[in-house]
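Okay, so chain A shows up in both of these, paired with chain B first and chain C after.
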Partner chain A sequence: MITDFVQNCIDGIMVGSGYSLLALGFTLVFGVLKRLNLSYGPSIMLGAYVGTWSFLNIADNIWLVLLTTICATVVIGIYVEQLCFRAVSKETTIASMVSSFAIWMQLEEIALHLLPERTYPFPAFFDSGLLEFGPFTARSEYLFMFVVMLLLLLILHAFIYRTRIGLAIRAYSDHPSASAYMGIDGSSVLFLAFIIVSIIGGIAGFLILSADSQITPFFGLWATFKGLIAMMLGGIGSLSGAVLGGLILGVIEANAFWYGDPVIRDISSFMLLFTMLIIRPGGIFGHKIEIHQKIASERV
Partner chain B sequence: MLNDYLLTVISNIGMISMIAISAYLILITGEISFGQQAYFGISAYAGSIATTLWGWPFWMALIFGSFLAGVAGGLISALTVRINGIYYSIATLAFAEMVRLSLLKFSYQFEIDGEWIGPNGSEGFGEIRWIFENDISILEYTLLIYLVLFLLIAFIYLIEHSKLGMIFRMLGQDPLLASVQGVKIIRYKVLAASLAGFAAGLGGMLYAHSFTYIEPQIFNVMLGVHSLAYGLIGGLGTVLGPIIGVVLDIGFLESIRGIQGYRMIVFGGLMAVMLIFMPRGILDEKRVHRFKKFWEGKTHV
Partner chain C sequence: MLEVSQLNVQYGEVRVLENLNLTVDKGNIVAITGTNGSGKTSVLNAIAGIHPPSSGSIIFSNEKIHGLPTHQIVGKGLVLVPEGRQLFPTLTVQENLMAGLHSKGGLLLKNKLPQDLLKRFPIIKNRLNTSGASLSGGQAQLIALARGLISKPKLLLLDEPTLGLAPIAVKEFFDLILKLREEGQTILMVEQNLKQTLEIADYGYVLESGKLVMQGSGNALLKNSGLVENYLGFKNT
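Take a look at the complex of A and B:
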């Protein structure tokens, strides 16, 4: 009994590290932009499609797939940034969200033109092996993903809190116009943030898909959903919150799947999100949000 | 001239317009809801159960389903009054997905004439035969849809030109100022959400009876985000805005069947470019105001 539960938690943390990776990208872009990029998941998917395409058509080389996936995701990220976030004026946050949704539709269709079948194989990073720790097991590729996720968290944290560029990003995110007076170029901060986020997305997509060893057109929606839920659970704008949110989501899902079925798993993750938003909207690590105070302080 | 195919497209536009109006109502109060498809779905199921399984008359079932959807909308809005912005959007999304996934588990069947009829989880809910049993042609059903749509638009138009509509827009533009003016924000937000749920419910119930088969997958997040996008394309200045959005989307997509497979690439790009120049849609508040001025100037002369 208890062994099952612990095993579920291990599985959950392993799968959840993928959610954490996605949430890291979401939380960065939302923290900087204060606007929601719905097309994040689909752009990762299209990037991974390009990676698979190179795997099928150019060479059976895992590093090539990794490189093409990341590069394609970055290019698509820049496209999304230019079209949906830079060009749309800052006051109209809804418009950029809807236009990122329009681009989502576009990206999905481009992906389907690139590779029209239902599913394609995605190359595994290394041969999957089952690691055993006493009565518990973990798949090596998931363990690898977990380690990469922690590494990325450390690197990002150091980058955001220890470098001058990170300081510029934080300043912009805190107060765009005040940071402009300090000589920070807002549009290059945005551009940089999008590139970083796309690189994280490319790595996340590559690791998740190579653990699954296949890619389907549903990956875009899936990635957007899981990243969003994990980000909201952890608290917007917090890096460690995003990671924790992803891991919690993974553990809850693994247990709900074990004791129930896939539908119960999905219901429980949305129910968790909904309850969290009602009881503690700021997430686990987020600050309390007081709507009126916030608006009032912005006025002053 | 009006063949069945064209009528189906036209009636589709009518039904989807109702959920677009519902998303629009939330949009003018300043929130973004990703979850209007939940109310569409709740009413589709409730209304169809009422006509097929309980044998209720059509109009009663329509009101029943929409009323239930309105109550659900009000309830969710009451639960989420403390949050706004992205938190509200994600909460509505979570609720809508909960509804959709619960419908996958929802089974309620009666044996009618030796056949089991009723919603059965992921297999959906078929045999909603009201229009066949009552010998209603597609043309008649389309007219019925447009009658309901007309009443809905007239109702929303009246609201928008009353104090209530002013309060809704005030909430959207500046909730703090509104509360300083003595507007009970919570009360009006819940009211707007109930109205929005009711409007989506009308569309959902009509949709179920038009297609005679529904399944939970229809009420996924894509429907909700599309209905949101319609308001933004058409414009947030008038209730006709979302309808323009629907006509543009469905009409445009149907008319460019020739480039099947590329239409989302074209349409998605067009939409993104359009939102750069018109971030609040074609008929936004400014243009509506200008049209009104122009019109009044003409009638005076």
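Take a look at the complex of A and C:
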């Protein structure tokens, strides 16, 4: 019984590392812009479609697929940034969200035109293998995704908290007009944030799809749901929160799947989100941020 | 160092500054005074590139800066300490100060703040890890000034720096401004605290409804009975 539970938690953490990667992108954009980018998941989907297209039409080379997936996601990210966020006034939060939803639909259409069949193969990064740790097991491709996620978290944390540009991003996120007085170019910060987020998204999409070995147009919707739920669980605007939220979501889903039913797996993630929104609306780490910002707006 | 000529600023249909001429010489404290709504802050906003002028020219260190975005103007050594301090609330005091060094370039954040800054602002040392939101008004104003000075700007613009401060904090602040002048810092400040401002200013400009109505040395303006009666609202003793 305990062994099953621990094994479920290991499986959940492995799968959840993919959710964490998606949540990192969502939380970074929301943290900087204070606006929701609904087209983030579909951007990753279309980027991965371009990767698959290169696999089917150019060469059976996994590095080429990785490169084209990341590059295409970055190009789409720039397109989204220019159309939904740069062109739309900062004050009209709803307009940005609605236009990012419109782009979601547009990206799905483009994906269907690029590769019209419902499902396509996505090449595996390396041959799948089952690693044994005593009574427990882990799939090698998921373990690899977990390690990459931790590495990306460390790199992102160092970038945000140890570099001049990282401080500029945080300053812009905190007080956009005051950041201009420091010589920070808000447009460049926004652009850079989208590039970073798109690279993370491209890597996330590649690793998740590589582990699943297939891609469908529904991946955009799936990535949006999982990323948003993980971000909300961990706390909006918190890097550690995004990672923790993704892992918790993975563990809950894995246990719901094992002890309940495959159908319950997705229902459980939404139930978890509702519960969190009622008990702690700001998420695990976000609550602190909320209080902090409330004090901030009152005093400074 | 700074030369503003025939400056006009409009907010939509409303003209807030009309044909303003203003000069700031190196090493001087220049004050812009006037009643509420006279356009004082609009002058600083136009110079700092926050609200570009509709016409006129702004020359800083022999370079045209009108029409440039704020971040580029900061890069040229002209730094604004805005009204209301505008510290970064969730960043620590150290990070707030480091943000002031952004225009200096570099990849990694420095771990140490300049010694001369720590000496001039002893308050910083004990509050390095305090968030910007947790500071009192007086403390926040000092940190905002330190953040403006950290990049060693050629010209420092101060917008209502003593607004909302206790009298003792106001006095400390003006003492600090005088020390900065002694060290050669050029300052253009907008203040409602007219008497104290004109006492320390080398030169002053008085605005009313967006127009320049009086100018002269700080002392001369203080002695001007017309200014005292019509614009400052206190009796010269």
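Worth a mention:
The rule is simple: the second predicted complex is superposed on the first by the 287 of 300 C-alpha atoms of A that agree within 3 Å, B and C clash if a C-alpha of one lies under 4 Å from a C-alpha of the other, contacts with A are read in each partner's own complex, and residues count from 1 in each chain.
Going forward, a contact is a pair of C-beta atoms (placed from the backbone, for glycine too) under 8 Å apart; a residue touches a chain by one contact, two chains touch by 3 or more.
No experiment lies behind these values; they were computed from the predicted model shown.
In the superposition on chain A, contact of A:Ile236 is made with chain B only, not with chain C. In the superposition on chain A, A:Gln106 makes contact with chain B only, while chain C stays out of contact range.
Once the two complexes are overlaid on the shared chain, A:Ala87 sits against chain B while remaining clear of chain C. Counting residues of chain A touched by each partner, chain B versus chain C, the larger count belongs to B.
Contacts of A:Gly183 after superposition on the shared chain: chain C is touched, whereas chain B is not.
In the superposition on chain A, contact of A:Phe270 is made with chain B only, not with chain C. In the superposed pair of complexes, A:His175 makes contact with chain C only, with no contact to chain B.
Looking at chain A, you'll find residues 289, 292, 295-296, 299 touch chain B in one structure and chain C in the other. Contact residues of chain B toward chain A in the complex are 27, 32, 79-80, 82-84, 86-87, 89-91, 93-95, 97-98, 101-102, 104-105, 175-176, 179, 221, 225, 228-229, 232, 261-262, 264-265, 267-269, 271-273, 275-276, 279-280. Within the complex formed with chain B, the chain A residues making contact are 30, 36, 38, 83-84, 87-89, 91-92, 94-99, 101-106, 108-110, 113, 221, 228-229, 232, 236, 263-264, 266-267, 270-271, 273-274, 277-278, 281, 289, 291-292, 295-296, 299. Those residues of chain C that touch chain A in the complex are listed here as 48, 50, 69-71, 74-75, 79-82, 84-91, 95, 98-103, 105-109, 131-135, 140, 147, 151. For chain A in complex with chain C, the touching residues are 162-168, 170-171, 174-175, 177-186, 289, 292-293, 295-300.
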